[in-house]
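The structures considered in this document are given below.
Consider the two complexes below, in which chain A is the common component and chain B and chain C are the respective partners.
== the complex of A and B ==
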């Protein structure tokens, strides 16, 4: 089950890299977050960790439902251009993405060899981190860059789950709080006109 | 204690919603109130647990908190006359204070944290709140730079979190959930089962912190943002936000030194020299005060980091304190210096009339010459101690000649910066047209506070305190 979910996590991120429509990008981010939340629930249940189960539920509510909904509302309010063409052409992206995956597995081998649990998951979370960076790089529009930043946060969350069997609850909640603060700031940044003298 | 530390920020947040124009005077007064709990902290025995073992005040963070508070007071004083120098709407003004309060809360958590996770949360909160402070200046260039800061800042903070997770993973087998606790990590550093994993985490976290401070390869990133935003933002960056970042570096590097000192030293040594090498030439080409001071800030932060890892924490802390007072003072002065145009360096120190004007140009001259380490600037002494410590470190190994070569190379780079600053000072004082400029009492008061604070760093009691930290 965990392998299946982590596969879907990675797949949703890869599909997001090829998306040319903004709302589809929000959808893939939502699916990516949903997989992450379900992973936390399943791993939390397997290791009998209540804190991770709570984190999983919050992830699904905040990241899979709340943030995509807010971003969609913002995009309607501020009339975002919904056509988001990646700067990297599809034929190059097809070669680049597997190369990044292989490269990160090779690069993270010294790290994963020291982690006793879920070594492959750690490699996947590091490769997700690089793919999220690629998502930020390949788009010029701000909305896609925001999704890239949120995906980086998802990758780090996955790393926290897989490499350490979950971070302390206090830290997880703090990260959620910061994420909500980021959304508030992003919302304010879109208000271009109100500061005019 | 935590309530008293957070109270000024909470009151500031609340008062910022007031529509009354006089609210800013009250906020300037509130910023002074923070000194009271910090003085209390100084008097308490150290380490003092503020919130269980999550927030602990020791000698290092009490010092950093005091320095940051003085900078905060200076900035709020200078903010009183912000609308006299730049165009700012009342709404933007109020929002600036609101986010300044959030920024302050984040910094208190960051500076006092004894927990890697809480440190990161505080830093992220401070970073996000700064984004909006940048945007207070309503221009398309600033809007672009605010987004730029949001994205690059988020990547830098993500790198820090990435490194923290790896460090936590490396120590969790022996410490469990307490593997995030700085004190326990330091105590058990030599028992970490996967030192390589810890070092990887430390290296990634360090790169994230260095990106935030504008080190190689992001040298111009911070300078461009500070140029685009209002001058108090640059003062907050150099005096407070960078303090929070550097205190994190001190904490992480203390543990990394126990794990493998040689690896840490070589990594930091190469990184900082590369940064100073690039920054020296960028300073040489700088054509406005903001970029000049910003790039000089990068150079000084690199020196602080270098002194710290070279086994001279006293020199690093002295340099840190001096930089935290001098640089915001210079940034706040740009509000007046740039009265007649952003790129008018020639004659910028001319045209000041009366007692206030004379005192202003005298103080700015003092700060400009102190920042390039002319004696008796605290920076002169910190650099002497710092370079001395680097040679002492080299003596213990087999690389004394390489170290002397590196110090000579550093001195050449520092002399390029010195030459540029002296040339700029001469141009400000003796060239250009004499155009009348106005200095306001509140900004003069802020500069006086910074001058007194810089001088107080050389008091025997301060030096003894700094030595006791190291």
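== the complex of A and C ==
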């Protein structure tokens, strides 16, 4: 079950890399966060950790529903261009993404030999970190760069829940608060973007 | 042995019903009065009675190409994984053979389009070559990765192994292979994001452009080939990626298999209603996604073993 959810997590990120519409990108980010929240719920239930279950519920409410909704409203308010074409051409992306995946899978081999629980998930979360970096690189407009930033946060969260059997809950709540503050800062960036247009 | 032959005949008989069922589901979703699910048979009977006209410009290829389009697909039907427990199956046929037989059929279809010497046939053939060249690497990769997960390179044996021992430990790579194969199912059968089978608009048609000059018996054969191609892909998807329900006794297993086929057809119909057709030069994006997922499934299996 955990393998299945982690597969869907990576799959939704890869589909987001090929998207050319802004609202579809928000949708894929929302699905990505939903899978992350369900993963936290499942792992939390397996290791019987109440803090992680609460974190999973908050992830689903904030990241899968809240942030995409706020971003969609903001981009409607500021009349963003909804057509976002990736700067990296598709034929190069087809070669680049498997190269990144192979590279990171081998890169994480020394790390996974040190960790004895859930070694595979470390490799997938590092590769999704690199893929969300690619998502930031391949777009020029501010909204999709923000989605890339939020995806980096998601993959770090995945690393946290899968590699360490749960961070302290206070740290994770702090991260959520940071994220909401980041959305407020992003709002200011959107104002600037609108003035440019 | 009798069950083996019976299952092939059953798949061939259910093929026109599936395509009509997709069309009927779409019509229900669009608030139209649906066609009967037996419309495929009615069209076949109608076309068999009609006069067959062959253009004066064509060579001998047009007279025998329709049979060569149909026959590799019928041969492929003998190699599919079994649909009942303990049934007979061909165990040694691997991914290359199945992909090769399907592309042999596509090759003769392209030849048929070029042979009629009309502009539309040429357009359709060049587009079909463009799409199928992108489909084949992804299909070989996907079938190989699923057969590695099953532990046997033969497709029939792979289907049996998956049904007996579902690869729970390889769930991630199984999921990637499933996504990739579903995109290929849509692309190879010319369903909506790739090609719209219902219009005859010159900007969009791919499959229809190649068979525009055919009539009568030949058209009936090509339509049958299209429906058999869909049923081959759907049953490969059903036995490799939804490998449940084979362990029951024969009648129940067959009913479950038919239900799975109709489930896949319903999925395709929902997808067709909800998406717009892609522009021709956007098709590599979708098929590139299929190639990425196929490759990802293979390397996740090899490197991570997940």
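Heads up, the rule we're going with is that the second predicted complex is superposed on the first by the 191 of 197 C-alpha atoms of A that agree within 3 Å, B and C clash if a C-alpha of one lies under 4 Å from a C-alpha of the other, contacts with A are read in each partner's own complex, and residues count from 1 in each chain.
The rule is simple: a residue touches a chain if its C-beta (ideal position, glycine included) is under 8 Å from a C-beta of that chain, and two chains touch if they have at least 3 such contacts.
Every value quoted in this text rests on a predicted model; they were computed, and no experiment measured them.
Trainee: Quick check on the chain A-based superposition: chain B and chain C, clash or fit?
Mentor: Because the two structures are overlaid on the shared chain, the partners are seen to fit without clashing.
Trainee: Mind working out whether A:182 is in touch with chain B, chain C, both or neither, as first, second, both or neither?
Mentor: Touch status of A:182: first partner only.
Trainee: When the two structures are overlaid on chain A, which partner does A:102 contact: first (chain B), second (chain C), both, or neither?
Mentor: Only chain C is touched by A:102; chain B is not.
Trainee: Touch check for A:91: first (chain B), second (chain C), both, or neither?
Mentor: Touch status of A:91: second partner only.
Trainee: For A:153, is the partner it touches chain B (first), chain C (second), both, or none of the two (neither)?
Mentor: Once the two structures are laid over each other on A, A:153 reaches chain B alone.
Trainee: Considering only the touch criterion stated at the top, classify A:163 as touching first (chain B), second (chain C), both, or neither.
Mentor: The first partner, chain B, only.
Trainee: Of the partners chain B and chain C, which touch A:68 in the superposed model: first, second, both, neither?
Mentor: A:68 sits against neither chain B nor chain C.
Trainee: Just checking: does A:145 make contact with chain B only, chain C only, both, or neither of them? Give me first, second, both or neither.
Mentor: The answer is first: A:145 touches chain B but not chain C.
Trainee: When the two structures are overlaid on chain A, which partner does A:123 contact: first (chain B), second (chain C), both, or neither?
Mentor: A:123 sits against chain C, while chain B stays out of touch.
Trainee: Who wins on chain A residues touched, chain B or chain C?
Mentor: Between chain B and chain C, B touches the greater number of residues in chain A.
Trainee: Taking the superposed arrangement, what is the smallest distance in Å from a C-alpha atom of chain B to one of chain C?
Mentor: 19
Trainee: Report the residues of chain C in contact with chain A in the complex, numbered from low to high.
Mentor: For chain C paired with chain A, touching residues are 168-176, 179, 284-285, 288-289, 291-293, 295-296, 299-300, 303-306.
Trainee: Can you name the residues of chain B that touch chain A in the complex?
Mentor: Within the complex, chain B contacts chain A at residues 54, 87-89, 91-92, 95, 102, 117-118, 120-121, 124-125, 128-129, 131-132, 135-136, 138, 143, 146-147, 150-151, 154-155, 158, 161-162, 165-166, 168-170, 172-173, 177, 180, 194, 196-197, 200.
Trainee: Which residues of chain A touch chain C once you look at their complex with the stated criterion?
Mentor: 1, 3-4, 6-8, 10-11, 14-15, 18, 20, 90-91, 93-94, 97-98, 101-102, 105-106, 120, 123-124
Trainee: Which residues of chain A touch chain B once you look at their complex with the stated criterion?
Mentor: So the residues of chain A in touch with chain B come to 110-111, 114-116, 129, 133, 136, 142, 145, 149, 152-153, 156, 159-160, 163-165, 167-168, 170-171, 174-175, 177-178, 181-182, 185-186, 188-189, 192, 194-197.
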